[in-house]
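After the structure tokens below, expect a handful of questions from me.
Here the chain labels run A, B, C and D in written order, and each chain numbers its own residues starting at 1.
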Amino acid sequence: MKQYIIRRLLQMIPTLIGISIIIFAISAMVPGDYITARANPNMSIEKQEQLRAIYGLDKPDYQRYFIWAGNMIKGNFGDSMQHKQPVTTVINTYVWNSFVIGIFALFFSWFIAMITGIFSAKFQYSFFDKVVTLLVFICMSLPSFFIGLLLIKFLALDLKLFPVGGMSTSGLNATGWTYFTDVLKHSFLPIMVLTMLSTGGLTRYFRTSMLEVIRQDYIRTARAKGLKERTVIFKHAFRNAMIPAITLLGFELPGLFGGAMILEQIFAWPGIGHIYLNSINMRDYPFMLGFTIFLAVLTLLGNLLADVLYGIADPRIRLK
Amino acid sequence: MKEVLMQVDNLKKYFPITGGVFQRTVGNVKAVDDVSFRIHRGESLGLVGESGCGKSTIGRTILRLNEKTDGTVLFQGKDLYKLPKEELRRMRPKMQIVFQDPFSSLNPRIKVGQAIGEALYDHGVTDPKVVRERVLETMNICGLASYQYDRYPHEFSGGQRQRIGIARALIMNPEFIVADEPVSALDVSIQAQIINLLSDLQRDKQLTYLFISHDLSVVEHLCDRVGVMYLGSMVEMSSTEELFRNPLHPYTKALMSAIPIPDPTYKRDRIVLQGDIPSPANPPSGCKFHTRCPIASDICKQQAPEYRDVGNDHLVACHFV
Amino acid sequence: MVKDLVEFRNLETHFKTTAGTVKAVDNVSFTIREGETLCVVGESGCGKSVTAMSLMQLIESPPGKIVGGEIFFEGRDLLKLSKKDMSRIRGNEISMIFQEPMSSLNPVLTIGNQISEPLMLHMLLDRKAAKKRAIELITLVGISRPEKIFDSYPHELSGGMRQRIMIAIALSCDPKLLIADEPTTALDVTIQAQILDLMRDIKQKLNTSIMLITHDLGVVAEMADYVVVMYAGKVIEEAPVLELFQDPQHPYTKGLLKAKPIINQKQERLYSIPGQVPNPIDLEDNCHFHDRCEFCMDICKVKQPPFRSHGKDNHKSACWLYEEEREVL
Amino acid sequence: MSADVMPITENKNTKKAKAVDTPWKTALRRFTRNKLAVIGFITIVFMFILCFIGPFFSPHNLYDYSLKNKNLAPNVTYWLGTDKLGRDILLRMMLAGRISLLVGFVATFITVVVGATLGALAGFYGKFVDTIIMRVADIFMALPSLPILIILGAVLSDLKVDPDIRIYYLMVIIGILNWTTLARLVRGQILTLREQEFMQATEALGLKDGRKIFKHLLPNTIPVIIVTATLSVAGAILTESALSFLGVGVVPPTPSWGNMISAANNLIDFRKRPWLWIPPGMCILITSVAINLIGDGLRDALDPKTKK
């Protein structure tokens, strides 16, 4: 297993280099840059040139790439122009807000998906299964921003059940428990939407995986042993269905830390996704490049984590 | 002596096992380990053995359907592995193969008639009418009705699909056919039909067969000479009549005694081999059979026996014969 | 007098498919006596496995369903039992092993865990006692180093060893009847010999009756005391094993016996039954073998032959050849 | 001359020359039996008619900016009300539908062409070609697709690309960025097919490469391509609407369901005039649900293993 991980890490290096080149090339295509985006009329041309020199924007592209890549290897992602802080600190401050709603949504969606997946597989062709299939399709095709807006309109504005947006009521500088409940109330809608978005795909995945397993011979053997149906389904079938599903945990990694850009914008949730979206609008290159690489690394680590989890879960591979 | 159609010398086929950080080859599955034999025109040679003994791999390697590791394969005197790709392709019609699994050996998306006849287009026959004519004729020879030309494989039973597979090979007017367990997946009553068809075709078209099977009784019925294989090596080979009258290698004897006889009054002291077939990834040292052989001794563990002719063209590889 | 252990009476199990209903088991009746090995023989699609699965009530519905008849086990009709009572019998008094050893064991659970399950459920043993009993069972089925095997996973064992473990699981609660659905078909012939030896040995030691399902007449000759021959969902002949091989009555049984090539008895040309098994959907009320039978008469095409004994008491068959009134009605 | 082969006795069932049901006919039969899939199909047909033919029947035309009837709630003349420029929402929604559907299908077409070809090349030629294509695929898989699309969208805005031409760039970008899923599936399918005995038979029969690929490999890969393509149309439509909502996709004045919903950014419209943004949102939802239903129906119909 250790050898496998080393090999996979080594394989990541060329991929990362490839990604960094593509991302840098895309952002280099943009004609304007941070200065022109922020230039107010009274800023003279020389002033703009000076600023560009300070930020090193006047060097040819390939040179800027090597400087940027060089720093990055040393862990220095450069400073975000907008926040005047190192990119890494900006990421650190905001990423945990996204992580909070991400982890709750992950827990809820996995829990719901497992239960519905198992029962709709067990009672295939039943009414419950048909309803679940339809709901799954709807969840999978939800445009995230539209559902967000709908919930805000009906649940927050009209019925006043939840705050419209943001992470905490402004002006209420309470601490401890009251602050916690306030944030919880604010986070309810974003978590609800995030859960809906991912439950659809997961449920279908669990259902297909269960259907595949229920048809296997060892389930027939389990029943021939006279085991209760509950044991057959939850011990024998579910354990086997879980193995391929565990790999999905790995793929959730980028979502957890990457934040839901669009949702955070709609709910004005101060997560890393929201900041990242602004950085693109403001052409804040260091942050934009740095965070995109961060996401790419997360995806690669996620893939590796998925394969490692698969190895641990499946005894046939674990012993190799 | 009749012309030698297929000559195989010291054929080896190893499948690499990779491991370690850089996927280096750390070992070899010796599927076929130094096997030599000859097949004369009009003869049918049987290859018998249990799973993992390499009989199917030999069938595919001598037709160059997968690449050999070592050794030479001469078909009508020509070394198949030295022929350029196009020339090998042009020789293909002469040497055909019939597969075991009736369900995966036919393309589900094309009509049966097309499946049988399409190869003709790539070997010089261009007129569709001629092709259709030859297809219908071959189908009839193999016991398929003409109206089935336009049907699709999913509408046929296992036995009929084997007939289609045979027709597909037969239409090329081959001289040599490798039959890779053609009847193992069929029921007994259908098996008999296909066996009769194969022996009729051999008689009428002077075909030469390499007949691969795990069922000794079917091989006894169809073949003139039989080779018994164990874990990638040939342990015994002789004429069918000689082999069944006077089996020499302990494995052949055990193999024959293990076959259940459909006669309740038949009493015999059966040799039941203990233990399991070892994995071809790390075969036992010396004689590969020593771990299960009832008469194994020290020499068998250290030294592999020589595969030699003990008279009357009866080859065997055992220290005690 | 030897008691009847299991009696099938006019069993009907049908499968609904998009193309129509398949009468997989069509009015099947026969009995299994205590301490006896009964072989159900027939080619694929003849309904032998469905009969066994009906006895265990493991028919997956939809699409399958037991639509008629009774199955008596020690005098009680299993079809009338509640789900709970039936699951108490399954794996306890009647147990079953299957054809594919490679996929019949759960790949993610250890061997020990899978053997202990029925012990803890039916015999109410605790974990420790179940482990001890499991190790005894592993030794009983002829596997060395039982402790190591107890903790290993199915993929570490060969096909032959996995089939032995399946037998150990089946014998764990001293069942009265062991059903074996083509137990050796997927095994090599030398391993098959070992498994058949083991099953005969167990029958002596535990006096378990065995219902052996196979398509190989050689296995039938070696193992069976009594034989039932099935074709297209119906029982067409049944007889003691010696009777059946020496004096087969039904043309299909005769055909089967002649079609198999036998070692050291080389024939010039194999007898082969022409044609193929009929399409199981909406078969008419006639002898289903008529279009492949060389003795076929008009009545065979129109009316179903009665299933009766013709002279010998426990040798029954369903064929118009042995009936007096043969004119077409 | 032919051997005395027993004439095969046809029993009654196989004799009747019933209509030859080709694999495509059986697939069609199975598809029509799947109720949800048929509903999906009807909805899609309705959406196409609505968007491509509907505008001709609308009494209003796109350019009558009559400020007097701006911001009207849905009424008898304007079934879905009007926006702040007095334009009929229903008409704009239908025209927007054209763009969204077009982008979705053309982007998927590009994905299929790129993905299927690269996947086929990797699968068929193997070794060297396979490793390169799969390495490139790894890179594209790791690229966070939405962020990259937004950046590219921003680039398009900065380059001041004309809104109409911008749509075509958008199609190419969305199409190019998710070719990897299809490429992997096609490659996997070809590798499994090559192990099948009927492909080894084409080798033994000495068929030319061309026949092997186009007569045997491709026809058996098409089902995978059809199913994946259908599902990725829904994905492409959702992506386009998200980008347009963020203002980096289809940019006004060209209407698209996505940018019509961005009208909701203005608080008053959001709260008081839901008819501005809810109908286009529903269109996106209904279209992608319908497409997903069709895709799933196709998967069951074309997959030989699922015997329903």
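Basically, contacts are C-beta pairs under 8 Å (C-beta built on N, C-alpha and C of every residue); 3 or more make two chains touch, one makes a residue touch a chain.
These are the chains along with the protein names UniProt gives them: A = Diguanylate cyclase; B = Peptide ABC transporter substrate-binding protein; C = Dipeptide/oligopeptide/nickel ABC transporter ATP-binding protein; D = Peptide ABC transporter permease.
Remember, predicted model here, so these are calculated numbers, not experimental data.
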item	value
Pair joined by more contacting C-beta pairs (A-C or B-C)	B-C
Central chain (by mean CA position)	D
Centre distance in Å when chain C and chain D are each reduced to the mean of their C-alpha atoms	51
Geometric centre distance via CA averages, chain C-chain A (Diguanylate cyclase), whole Å	54
Chain B-chain C separation of Cα centroids, rounded to whole Å	32
Sites on chain C at which at least two other chains make contact	272, 274, 276
Touching two or more other chains - residue numbers and ranges from chain B	193
List of chain C residues in touch with chain A (Diguanylate cyclase) within their complex	56, 58, 62, 87-92, 95-96, 98, 100, 103-109, 117-118, 121-122, 153, 155-156, 166, 169
Chain C-touching residues of chain B, taken from the complex the two chains share	50-51, 157, 159-160, 187-193, 195-196, 199, 214, 216-218, 220-221, 244, 254-266, 270, 272-274, 276-277
For the chain A (Diguanylate cyclase) and chain D complex, residues of the former touching the latter	14-16, 18-19, 22-23, 26-27, 29-32, 130, 133-134, 137-138, 140-146, 149-150, 153, 157, 254, 258, 261-262, 265, 276-277, 280-281, 283, 288, 291-292, 295-296, 299-300, 303
Residue ranges of chain D in contact with chain A (Diguanylate cyclase) within the complex	36, 135-136, 138-139, 141-144, 146-148, 150-152, 154-155, 158-159, 234, 238, 241-242, 245-246, 261, 264, 270-271, 274, 277-278, 281, 284-285, 288-289, 291-293, 296
Interfacial residue positions of chain A (Diguanylate cyclase) with respect to chain C in the complex	125, 216-218, 220-228, 231, 236, 239-240, 243, 314-316, 319
